[in-house]
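My questions will all concern the structure given below.
Chain lettering (A, B, C, D, E and F) follows the sequence in which the chains are written, and residue indices restart at 1 in each chain.
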Amino acid sequence: MNNIIIAITWDWGAFDSFALTVGVVGVLVVFFALLFLSIIYRIVPKLINFKFKRRAKKNNVAMPAEEEILVPGEVNAAIGAAIYLYLNDLHDVENPVLTVDNREVRRQSPWSDKHQFLNQNVKR
Amino acid sequence: MNNIIIAITWDWGAFDSFALTVGVVGVLVVFFALLFLSIIYRIVPKLINFKFKRRAKKNNVAMPAEEEILVPGEVNAAIGAAIYLYLNDLHDVENPVLTVDNREVRRQSPWSDKHQFLNQNVKR
Amino acid sequence: MNNIIIAITWDWGAFDSFALTVGVVGVLVVFFALLFLSIIYRIVPKLINFKFKRRAKKNNVAMPAEEEILVPGEVNAAIGAAIYLYLNDLHDVENPVLTVDNREVRRQSPWSDKHQFLNQNVKR
Amino acid sequence: MNKNPLKNSSPVRKALTMLFLIVIVLFGSAFIVGGEEDKTAVQTEQLVTADTSGTTVAEDVTTVDPQTAEEEVTPSAWDGVKQFLKYTGFANCTRGHLIMIVVGLIFIFLAIRFEFEPMLLIPIGIGIIIGNIPFMEGAGLKVGIYEQGSVLNYLYFGVTQGIYPPLIFLGIGAMTDFSSLISNPKLMLLGAAAQVGIFITFWSALMLGFAPPEAGAIGIIGGADGPTAIFMSSMLANGKNVMQTGAFAGQTVDNLIGPIAIAAYSYMALVPVIQPPVMRLLTTKKERMIHMKPPRTVSKIEKICFPIIGLIMTCFIAPSALPLLGMLFFGNLLRESGVTKRLANTASNALIDIVTIILGLTVGASTQATVFLTDKSIMIFVLGALSFIIATACGVLFAKIMNLFLKGDNKINPLIGAAGVSAVPDSARVAQIEGQKADPSNFLLMHAMAPNVAGVIGSAVAAGIMLSFLLTF
Amino acid sequence: MNKNPLKNSSPVRKALTMLFLIVIVLFGSAFIVGGEEDKTAVQTEQLVTADTSGTTVAEDVTTVDPQTAEEEVTPSAWDGVKQFLKYTGFANCTRGHLIMIVVGLIFIFLAIRFEFEPMLLIPIGIGIIIGNIPFMEGAGLKVGIYEQGSVLNYLYFGVTQGIYPPLIFLGIGAMTDFSSLISNPKLMLLGAAAQVGIFITFWSALMLGFAPPEAGAIGIIGGADGPTAIFMSSMLANGKNVMQTGAFAGQTVDNLIGPIAIAAYSYMALVPVIQPPVMRLLTTKKERMIHMKPPRTVSKIEKICFPIIGLIMTCFIAPSALPLLGMLFFGNLLRESGVTKRLANTASNALIDIVTIILGLTVGASTQATVFLTDKSIMIFVLGALSFIIATACGVLFAKIMNLFLKGDNKINPLIGAAGVSAVPDSARVAQIEGQKADPSNFLLMHAMAPNVAGVIGSAVAAGIMLSFLLTF
Amino acid sequence: MNKNPLKNSSPVRKALTMLFLIVIVLFGSAFIVGGEEDKTAVQTEQLVTADTSGTTVAEDVTTVDPQTAEEEVTPSAWDGVKQFLKYTGFANCTRGHLIMIVVGLIFIFLAIRFEFEPMLLIPIGIGIIIGNIPFMEGAGLKVGIYEQGSVLNYLYFGVTQGIYPPLIFLGIGAMTDFSSLISNPKLMLLGAAAQVGIFITFWSALMLGFAPPEAGAIGIIGGADGPTAIFMSSMLANGKNVMQTGAFAGQTVDNLIGPIAIAAYSYMALVPVIQPPVMRLLTTKKERMIHMKPPRTVSKIEKICFPIIGLIMTCFIAPSALPLLGMLFFGNLLRESGVTKRLANTASNALIDIVTIILGLTVGASTQATVFLTDKSIMIFVLGALSFIIATACGVLFAKIMNLFLKGDNKINPLIGAAGVSAVPDSARVAQIEGQKADPSNFLLMHAMAPNVAGVIGSAVAAGIMLSFLLTF
């Protein structure tokens, strides 16, 4: 690199019909693809449930009404509290002074097995 | 592919002496190779035991008579029961309804560490 | 290979100025490189401490005097004993007779999951 | 307790379900072949694909000439849409693609529903789907497994060059306990007997018109070891070797890696369906009730010597099997040495898993309809089934022959002879299950493991012998 | 309690620190560019590099002609020393190298200090340093990433051929829980809306003078998926393809893999800094306070069907996205099938870690100053920022549009629209944090995961469409 | 308590056993070389091989002309058997193969019996056996490591191109704790002093007639780092480079990767046997009793800065060492950053294990008798021993020199100077053990780790310097 003089030339001419096509087709296809998928995923559970219910009826087994297993509000709140605590906790980072990591107990290593082991003993 | 019409032509002529040789030599060599191995594995333990016994005699240490450590019948039956239960259990598969997999607690991940963690809290 | 007759010809002529250069430059550069590094590593902690102390003073937080956290003699001796025991222990190797390795409990395997599981049951 | 009403099916029901699915596919594909107007047959096959194929059929399937595609980059947005559509899977879809996608779905279904070797069938099944997503071939999109520079092509390299199978054998060695075999070496002969199937299939394939190297690769399907089969076909039926002898001189062998691999893994997964009838046919109830005396314990030093001796012996006999047997015994030594547990763990976990994922995926993807759906593939499937049946029969019959020379409680339960085909550990489990059907107090599993692992060694030796005859054909 | 006084900084402080660092670097580099006498500016930048650059400057920087280097193997030891010095980094160092080393240090600093995507920024940061250790180029030392036969060059192969991104997607699939998306499929549209940024950036890049394939690769930065961006640029802006259409016919595309990858990962790491202002600007406090009803539970069979249907559907639409989406859904099926947990574990641990390490390192090292510091790189960074901002805005605005059609407790909190850019899981976390700022009892995280993972699929589909238009350009 | 009577041997007994084994092999091989009639000498060597070689000798060893082999595909079954026999290991076996197999068995024996670096010696030992299974070379069987297209050849690629060593250094970095070194940087000089052995060996090799690049690669054996030695020899003595200077101009360097790697790893394993006599010879009991003051604790920030500074400094000095040192310090930063533990774990477990397995296997297999058993190999072994002894001596003596300038409790126990040769962590353990022999209350291990890891850095720097002089030779 040498002196960087950024020569920005904004050329509206580059926005030709090909560019337009790619952009428009692209956005539309992405959109319809995901719309299509979302419709299918809306249908599939119903099909599965239908099959199960029919089978359940045949077997006289009561199927749990899956759609209704909703997490109640209080549970959600409790979960929220947990998340809140977690997110706050995330920046409680270790003391910058020496930390001994006892968790990494490796039993064997081609390069440092005994070394590791001894270090752990020594540091403890 | 187009219309698959399987034209099976069974040609006895292809079974020439080369084919015969490969087959016969192949079977015989596989057989004798494994026979040979089985003989060696029959001999090796005796050699090892011989060496051990001599050494043991020299050191006045009683060697356990390895060959005699046989699992008694009752133990075998108990083991059998365990296997039986296991094999039956094998097809006791999970409830098709939502399963929360708490076992997979990963501590860190380049793509989804916090995601994982939070999910686990949420689902519990 | 055929009959190996090692014809050692010690040729002082090969020790030319190039060889001398490589050797001398090599030793010196390795030496000065590590000397240089060792000096830097001697300086860095002081810089870090300086920064921390200034910051600590600003925040009225007492910083632990890192340099003084030295492991006392008795602790060192205890560690030594542990190492000694460990090193002696290192050659206490397993009984040559059948060992059942219960530690390797793998849950699934494409080739031998059930096999593993069953074996473990059987051997126990 | 069975919480899932879908799961408590007997083997018979399993077999029926499976056969039913296969029949539907063949039936369906026959209809499709019959004419465009019968396309609806596809739609009834599988709940999940119904929408897919439905949509597919609704599209206007226009075949395009890839050479002219570039010139059609046109001014109007509508032309752009049309160009885009030409590249979609809908535009390039053929009956073959749909058939293969259904086959992939069946593999996945069998793996999840019946737990038939799921570690293999799921990667292969999804690989079949991935390999049969229709795309415009030859347009340089670098998507297909047979297109130079595509990701799948790079991953497939380890299959075509026979690199993955030895790595899998390394992991198998590191997770296999050869104790049963060491404690009763004579059971090794059962692992030899089952290899007869390989050579009979070799002959049959020759007579069906396959060239000798192709026939050799097909025969090894009867060895019931996926990695060995892939290794053999990558060496012998790789679409590259030019034959120099006999009637086939000057011809290039076909690339049969895909069909052979798929056949081998399919039948390995179907061992619990294929073997029991053969086993029951060839044994009396009294034979199936034979109790075998428990194996002796094996010392650590014997376990250490086993892989070393095995490596030297078998590889001196069949050096061509070195990549397979060398790795198998290497892995086993890592396991048994007692000082390299760490390496054995990695070989039997991370390494074998990574290779299994990539191998399964690419083997599946190599079934791209445009190269896979041929007469030869179908013949290979037929020969593979034959091969498994013969191998099972030979194992069982040889155990009966050995019993003629053995007395008292040394007698062998002929059911464990069927385990000689390898397919570790499924065929050993089949022997256990069949044995318990005859006598619930009979536990053959540990005994069956001996011919089972011997079968792995036996197939690899057989592969080595085949290679030394056929590589220079 | 915060034991480390360095860590308790608010996002604002984070942003300020970061901007401060960037300003210093740009400022410093401008000075360096200004003339040799201003070199001291570098020394004040970072404590750690102070010594480095200090020493560097002190050396006599002599430029050597590599061609003549060999002839100078000379008799005297002093000449030997001189020859050695010519090969040191000090002798070959340029301003560009120093600038890039400082950039690498900033990456590492951000990763450790603020935990901005450390798994990515640390490998990339150290890679930038490794790639910018000055050495005598062209002397056959096999050190540089662009030198044939060097270790870095071999490892870089997986980047230039687009092999690593699909393997990473395999791991991502194996660790992603798509439940949120399955339980509320309409949120998928938010993942589509955010992709508008890709195409607007594509247009902007075209108008800045980039060739269409290059512009396509640049646009995908807005997809906020590092692997997708690398895959796209390895396909389209790889320095090898020759264009055949329009004004650029006959020209070879530039190799923009390095700048695009660095830009993509940088902005992904900076999501917590870039997104919040945009989100707050486009939403009212009332909107940010919308509570969404908890997602329903999802059955196991739905989870199994999801990857299979998703694979077939999306790949029929955009077969060019097969390497990415095929692997993503393959990984997810391994996870959800329930019978291949072992493979899913390896894919989402050992395999993805190994690939992440090597990918990060080589992408970082590909920023070797002599090829990286160009006008184009700087424009790519500007366009990348634009891309992220537009994508975020589109996601939020589309959520507001959807709300026009939704009633009552079905209304969507527009903050989760921002998660549609993917950058999993950081942008979902940003939505959660911003939501809690408006109402501490609002927990959007699980809801935000749905557009978040849909964004991954959406970007991959967009990439596939781009490829089908631009690969044959 | 010692349960195993085989294991309670003193180092002296270990050394004796080992020397005994070596003498037997050399003796045996001399006999074999002497004439066919002395073959029985081999049979007494090792229990395990007794059967092998016995059988081997019994066979009719007919040498075949591979060119004519194909024409002999003959009609009768007996000719088929003969053809098969020509391909067996028995038919192709030479004395060299048997000698090397015995060497491999000795490696395995030493690894299991005395636990000398088992992670390295077992893969190498089994590799030696695998590489020396005799097969018909040139017949296209794709078995040998030097045959294009064989599996071993593909795996060997990472050795010949120097790809594996940097990956191993990545793992070493991720598992090495540099605290001892950071807390007492002056001990780094001991790691420098031990590198004198490298250059003295370089001179010796030159005078024994090796070309300078070969001599450089041989010298590095004294660095006592297997990966560094393999990397150097793959760069300098790879059988491909053509020299352009001096008396050797126009000649191609020999491929010495195999002998150099085997020598390096053998002596690394034998560190507990080689070093103690040298250490005792050069120190007084009083010196060996010196107690060193305990190292200070090291802060997290120092640990983070260490790899970054080390990388920049050492690589500016010797850019050719970048692949090794870059990866070493990268791994260490992953470990110490505190935010990438996951990546550090994978690098120091799955990744290093996989590479170790494959590297060991292929390095072992590269000793194929037909290319390995040459004068040069034997000279390399002699030079390697020399190199280790000189390096140990230099480390110890330099510590004594440093003591002249140090006072009171700053004095260095010269035993830890011997740890400067690296061979992590064995030579540090040797220092600990020797120190305790002089004074059981003396614990030198932590102190010895400092020169030990400095030795790794020092050897890599030395390698870099060598490369900058010799790559362009």
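The rule is simple: a residue touches a chain if its C-beta (ideal position, glycine included) is under 8 Å from a C-beta of that chain, and two chains touch if they have at least 3 such contacts.
Here the structure is a predicted model, which means the values were calculated and not measured.
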item	value
Graph distance between chain A and chain D, where chains that touch are linked	1
Relative to chain C, chain with the most remote C-alpha centre	D
Centroid spacing, where centroids are CA-atom means, of chain A and chain F in whole angstrom	44
Rounded Å distance, chain B centre to chain D centre (Cα mean)	16
Intercentroid distance (Cα basis), chain F paired with chain E, Å	40
In chain C, residues with contacts to at least two other chains	18, 21-22, 24-25, 29, 40, 66, 69, 79, 83, 90, 93-98, 106, 108-110, 113-114, 118, 122
Residue numbers of chain F (touch at least two other chains)	51, 73, 80, 84, 115, 119, 297, 299, 301, 305, 309, 313, 317-318, 338, 340, 342-343, 345, 349-350, 353, 356, 429, 445, 465, 469
Of all residues in chain F, those that touch chain D in their complex	48-49, 51-52, 55-56, 69-70, 73, 80, 83-84, 87-90, 92-93, 101, 105, 108, 111-112, 115, 118-119, 122-123, 126, 129-130, 133-136, 139-143, 149-152, 154-155, 349-350, 353-354, 356-357, 361
Chain E-touching residues of chain C, taken from the complex the two chains share	17-18, 20-22, 24-25, 29, 40, 43, 47, 51, 55-56, 59, 61, 106-110, 113
Complex contacts: residues of chain E adjacent to chain D	161-163, 166, 170, 235, 244-246, 304-305, 308-309, 311-313, 315-320, 322-323, 326, 329-330, 333-334, 337-340, 342-343, 345-347, 349-351, 465, 467-469, 471-473
Chain F contact footprint on chain C (complex, rising order)	1, 3-12, 14-15, 18-19, 21-27, 29-31, 33-42, 44-45, 48, 66-67, 69-71, 73, 76-77, 79-80, 83-84, 87, 90-96
Touching residues (chain side chain F, partner chain B) in the complex	5, 47, 51, 73, 75-77, 79-81, 84, 340-343
